[in-house]
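Each of the next two complexes has chain A plus one other chain: chain B in the first, chain C in the second.
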Partner chain A sequence: MMLEINRLSVNYGHIQALHDVALTAEQGSIVSIIGANGAGKSTLLRTISGLNSPKNGGSIRFLGKEIVSLAPHKIVRAGIVHVPEGRKVFAGLSVLDNLKIGGFLYKGAELQKTLDHVLTMFPILAERKDQFAGTLSGGEQQMLAIGRGLMAQPKLLLLDEPSLGLAPIVINTVFKMINEIRDSGVSILLVEQNARKALTICDKAYVLENGYIRKEGTGQALLNDPDVITAFLGESV
Partner chain B sequence: MAITAFVQTLFNGLAIGGSYSLIAVGFCLVYSIMKFTNFAHGSMISAAAFVSYWVCNRFNLGLLGSLFAAIAAGALIGSITEFLAFRRIEKKSASNFYFFVSSLTWGTFVEQLVNNGVGIRALAFPKFYPSLSLKITVFGTKYTIMTNYLYMFVSAVIVLGLLFVFLYKTKYGRAIRATSFDRDTANLMGINVAMTIQIVFILAGIMAGVGGVFLGVKNKIYAQLGSDVVTKGFISSVLGGLGSVYGAVIGAFVLGVVEQFLVYFVGSNMARVVIFVLMLVFLLIRPQGISGVMVKDKA
Partner chain C sequence: MSIYVESVLTFTSITCITVCGLYILTGLTGMFSLGQASFMALGAYAAAVLGKLYHWPFIPCLLVGIILSVVTGFLSGYPIMRLRKEYLTLITLCYGEAIIALLNQSNITGGALGMSDIPKHTTLIIAILFLIFGIYFAWCFRHSKFGRMAIAIKSDELASKSMGINMAAVKMRSFLCAAGLAGLAGGLYAFYLQYVDPSLFGWRKSGEWVAWVFFGGVNSLTGSIVATFGLSALSQFFSRFADYQVLIYSAMVLLVLNFKPNGVFGYWELSDLFNTRDRRMQRLLKEAQTREGALKHEQT
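== the complex of A and B ==
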C-alpha cells in the first residue's frame, strides 16, 4: 500500500476538524476525497504533508514508513508533494523561479531534465517563463502550481481543489493533466468540490463530512449512491 | 555650488549611502522573512566592529583582515541572534510582542557587553590607509576624496553585488525569496524554513559587520555605534519601500546623498534635523516608498 492512514484526528484549538480518519491509496491510483465546505478536506491534506500535526495515536504510513511526525520539507523528500488550495504561486517571482523552487531538492542536470519535462507538458508555462507568476491568469496559475509540484518528482501528489474558480473548458484541461500525471506513474490524492468529475476520474473515493469519513467506494459506486447524488451531484433521486 | 564641491559631495553621499545600504538590506531581508523588525540589528553592527577591532589589534591585521574578522563575527552574531531572540519564540508562535521584547533585550545585552569591552573612551582602528585623503584628476579637474569613503563605497558595491547574485542566481537565494513570500508553501517545496531564516540572519550579520568596520573607521568604535546608524538603515528601507531589497539599496543611496548635500548647505547640526523632517514629509506623501511595495505588518 502506498499510503495508509489510521485513526487520524486533528484539532484546531478546541475545534476537532478530523475524527479518526482512515484511508488507503494504492500505487498508481487516483483517490478522490469529496465533501462540503469545512468538511476537513484541506486539513487532511495539510496533515499528510506535515503542515498540521495530528493528535497522538494517529498514523500516516507512506511506502511502509511512518511519516506522521516529520517536518513538511522532509515529507517532500520522502516523495509526497502537496499542491495547496488556492494555488499559492509565489506571485512576485518569475514562472521559471517558481518551477525551480518546486525542484529545490534537485540540482544540475537532473533539475534541468525535470524542468524540460514540465515545460513540455505545460507549453503555456514555457511561453510565460520570465513573467511574474502573479500576472498569470487563474488557469495558468493552476498549471504553474501543478507543474511546480511535479518539479519535486513526487511519488504521491496531493491536489487540493485544482479546479476551483476555473472556467469549464479549463477544468477539462486540468482533469486531462491529472489523468496524464497518473499515467506517468504518479499516484494522486485529489480533493474536489466538483464531485462528478472527481468521482468519474478516480479509482476510489471517500466522502468526508464534518471531519468523519462517511462513505468509501469506487468512483462508479459513489456516482450511483443516492446520498451522494442528493448531497453532491445536485439531482433529486 | 562649484562643480568640484558638487562632485565631491555627491561622492561622499554615495559612499555614506553605501554603508547605509549594507545596514538597510540586512534589516530588510530579516524583515521580509520574519515580517518583524529585528531590534537587535544595531547591536550586531557594534559587536562585529568591536570584535573586528580586537582581532585586528591582537593579530596586527590590515583593512582586509579586519573586514574578514568582522564578516566572521557578524555571521556568528547574526546566527546567535536568530537562535536566541527569534527561533524559540517562533516555534511557540507567540504574539509579535515577544519578538519585540526578546530582540530588544538581546540587543541591549549585546550593546552592554560591547560597552564593557570598549571602556570609557571610544576605540579607534589603527591607521589602515597610507594617507587619509586622495587626490584624483578627472577630465582635468582635481578632486579630493577621503580614502575611507573610497574603500567604503567600493566594498559596499562589491558586497551588494555578491548578495544580489546570491539572491537571484542560486537556489538558496531563491529559497529566501520564496520563504519571504509564503513560508508554508515554501516549506511544501522541500525548503527547510528554519535553515533559510538562519541564513538570512547570517547574511544580515555579515553586512552589518562590513558596514560596522567602515563606520568604525569613520566614527570610532563605541557601544552605540550601531544603534546610531541603524535608524538610517530603517529609514532607507522605508524610503525604498519596506520589504524590497532593491528599494532598500536605492533608499540608502538617496538618503546618503541628500544628507551630504544638506550638510554642505545647512551644516551638519541642521542637517540632522532637516533629514528627519524630509523623511516624515516623504512618508506622509508616499508611505509605500520609492519602489511602491506596501507591506502589511504582522503586528
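== the complex of A and C ==
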C-alpha cells in the first residue's frame, strides 16, 4: 500500500476540520477526494504534506513508514509533493527558475534529466521557459505548478483543485496530463470540486463532508450513486 | 581628490557592503532587520580591540569580526526562524539595542566614550575592493540555488513549504550572510575612522539603510547600491540639516512607495543593458501585472 491514513483528526483551534479520517491509496492509482467547500479536502492534503499538524493518535503511513509528525521538507524528501490550491507559482521568477526550485533536491546531470523529462511532458513550458511565471495564462500556470511538483521526482503527487478557475477546454488538458502522470508511474491524490471529472478519471474516490468520510468506492460506483448525483452532479433522480 | 571627498566615498563604500547584505536579506528573502548596525558594531569592536590592544594584523581582525557577527546572528536568529518573518524585525531591533547597551557598559571597550587610536588600515582602494567583493557575493547569491530558494520564500511561503524548501534553513542562511557582510563592513569602518563608540551603531542607522534599499528598489541590486551612494553622499553634503534627516527620509520613502512601489529602479539591473531578452520579459510581466490589477479592480 502506498498511502495509508488511519484515525486522522485535525483541529483549527476549537473547530474540528477532520474527524477520524481513514483512506488508502494503491501504487500507481488516482484517488479522488470530492466534497463541498469547507468539507476538509484541502486540510487533508495539507496534513499529509506536513503543513498542518493533526491531533494525537492519527497515523499517516507512506510506503510503510510513519510520516505523521515530520516537517514538510522531510516529507518531500520521502517522496510526497503537494501542488497547492491556486497554483502559487513564483511570479517574479522565470519558468525555468520555478522548475529548478522544484528540483532543488537534485543537481547537475540528475537535475537536467528531470528538467528534460518535465519539459517534454509540458512542451508549452519549454516554449516559455525564459518568461516570468507571472506572465503565463491560468492554464499554463497550473501546468507549471504541476511540473514544478514533478521536478522533485515524487512517488505520490497531491493535487489541490487543479481545475480551479480554468476554462473547460483547459480543464480537459489538465486532466489529460494527470492521466499521463499516472501512466508514468506517479500515484496521485486528487482533490476536486469538479466532481464529474474527478470521478471519471479516478480509480477510487472518497466523499468528504463536514470532516467525515461519508462514502468511498470506485469512481464509476460513485458516479451512479443517487446521493452523489443529487449532491455533486446537479441532476435529480 | 580632496580628503573630504575621499572620506565620503570611503564611508559610503563601507556602508554599501552592509547594504549588499541587506539586499540578500530584504530584497531576496523579504525579511527586515533593524539590527544590521549592531552586527557592524560587533565587527568594528572586534577589529578595534584586536587591532589596538593585541596588535593583530588587518585581515585576521576582519575575519574575527565576521565570525563574531555570524555566530551571534545565529544565536539570536535561531529561536525565531520558524516564526513569521515579522518577528525577525522585532528581535533584531531588541538585539541591536541590547548590543549597544552592552557596549555602553563594558570596561574593556571604553564604555560610552568608545575607543580611539585604532590603527588605520583601510584606504579608499581597500574599501572599494571589499565593496566589489560584497557586490560579487550578493550577485552570486542571487543566481545560485540559494537565491532562487530565497526568492521563492519571499513570493509565497506556503508554496515554498509545500515544495519542500526548508524555510528555517534558507532564512537563516540569508540572515547570516547579511550579518557577515555587516561584520566585515564594521571592521573596515573601525580601521578607517580609527575611533568607535556605541552611538555610531544605533537602530536609526539600520532603519536608514532599510529606507535606502526601498528607495532604490528592493528587487534590484543596482538600485540598492545607487540609492546608497546617492542618499548617503547627499546626507553627508547636507549634514547641516542632520536634525531633519529622518523626517526627509520618511517623506521620501512614503513618496516612493506611493508612486513607484517597487522603488526607483524596480526590477532593473545594470546587466539588463546587455541583455535585451530580460527587458522584454519585464515588460511582459508588467503588462500582466497591470492586467491582473485591472481585473481585481473590476471585481471590487
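One rule holds in what follows: the second predicted complex is superposed on the first by the 237 of 237 C-alpha atoms of A that agree within 3 Å, B and C clash if a C-alpha of one lies under 4 Å from a C-alpha of the other, contacts with A are read in each partner's own complex, and residues count from 1 in each chain.
One rule holds in what follows: contacts are C-beta pairs under 8 Å (C-beta built on N, C-alpha and C of every residue); 3 or more make two chains touch, one makes a residue touch a chain.
Here the structure is a predicted model, which is why all the values come from computation and not from measurement.
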item	value
When chain B and chain C are modelled together on chain A, clash or fit	clash
Which superposed partner A:P168 touches (first chain B, second chain C, both, neither)	neither
First, second, both or neither for A:G108, with chain B first and chain C second	neither
Which of chain B and chain C A:Q131 touches, first, second, both or neither	second
Touching partner for A:G64 - first (chain B), second (chain C), both, neither	neither
More chain A residues in contact - chain B or chain C	C
Touching partner for A:R148 - first (chain B), second (chain C), both, neither	both
Common ground on chain A, meaning residues reached by chain C in one complex and by chain B in the other	49, 51, 71-73, 76-77, 81-82, 84, 88, 90-93, 97, 100-102, 104-105, 107, 148, 152
Chain A - residues contacting chain B, complex	49-51, 71-73, 76-77, 81-82, 84, 88, 90-93, 97, 100-102, 104-105, 107, 148, 152
Residues of chain C touching chain A in the complex	145, 148-149, 151-152, 155-156, 158-166, 219, 267, 277, 281-282, 284-285, 287-289
Residues on chain A engaged by chain C in the complex (per definition of touch)	49, 51, 71-73, 75-77, 81-84, 88-94, 97, 100-102, 104-105, 107, 130-132, 134-135, 148-149, 152
Touch list for chain B against partner chain A, complex	171, 174-175, 177-178, 181-182, 184-193
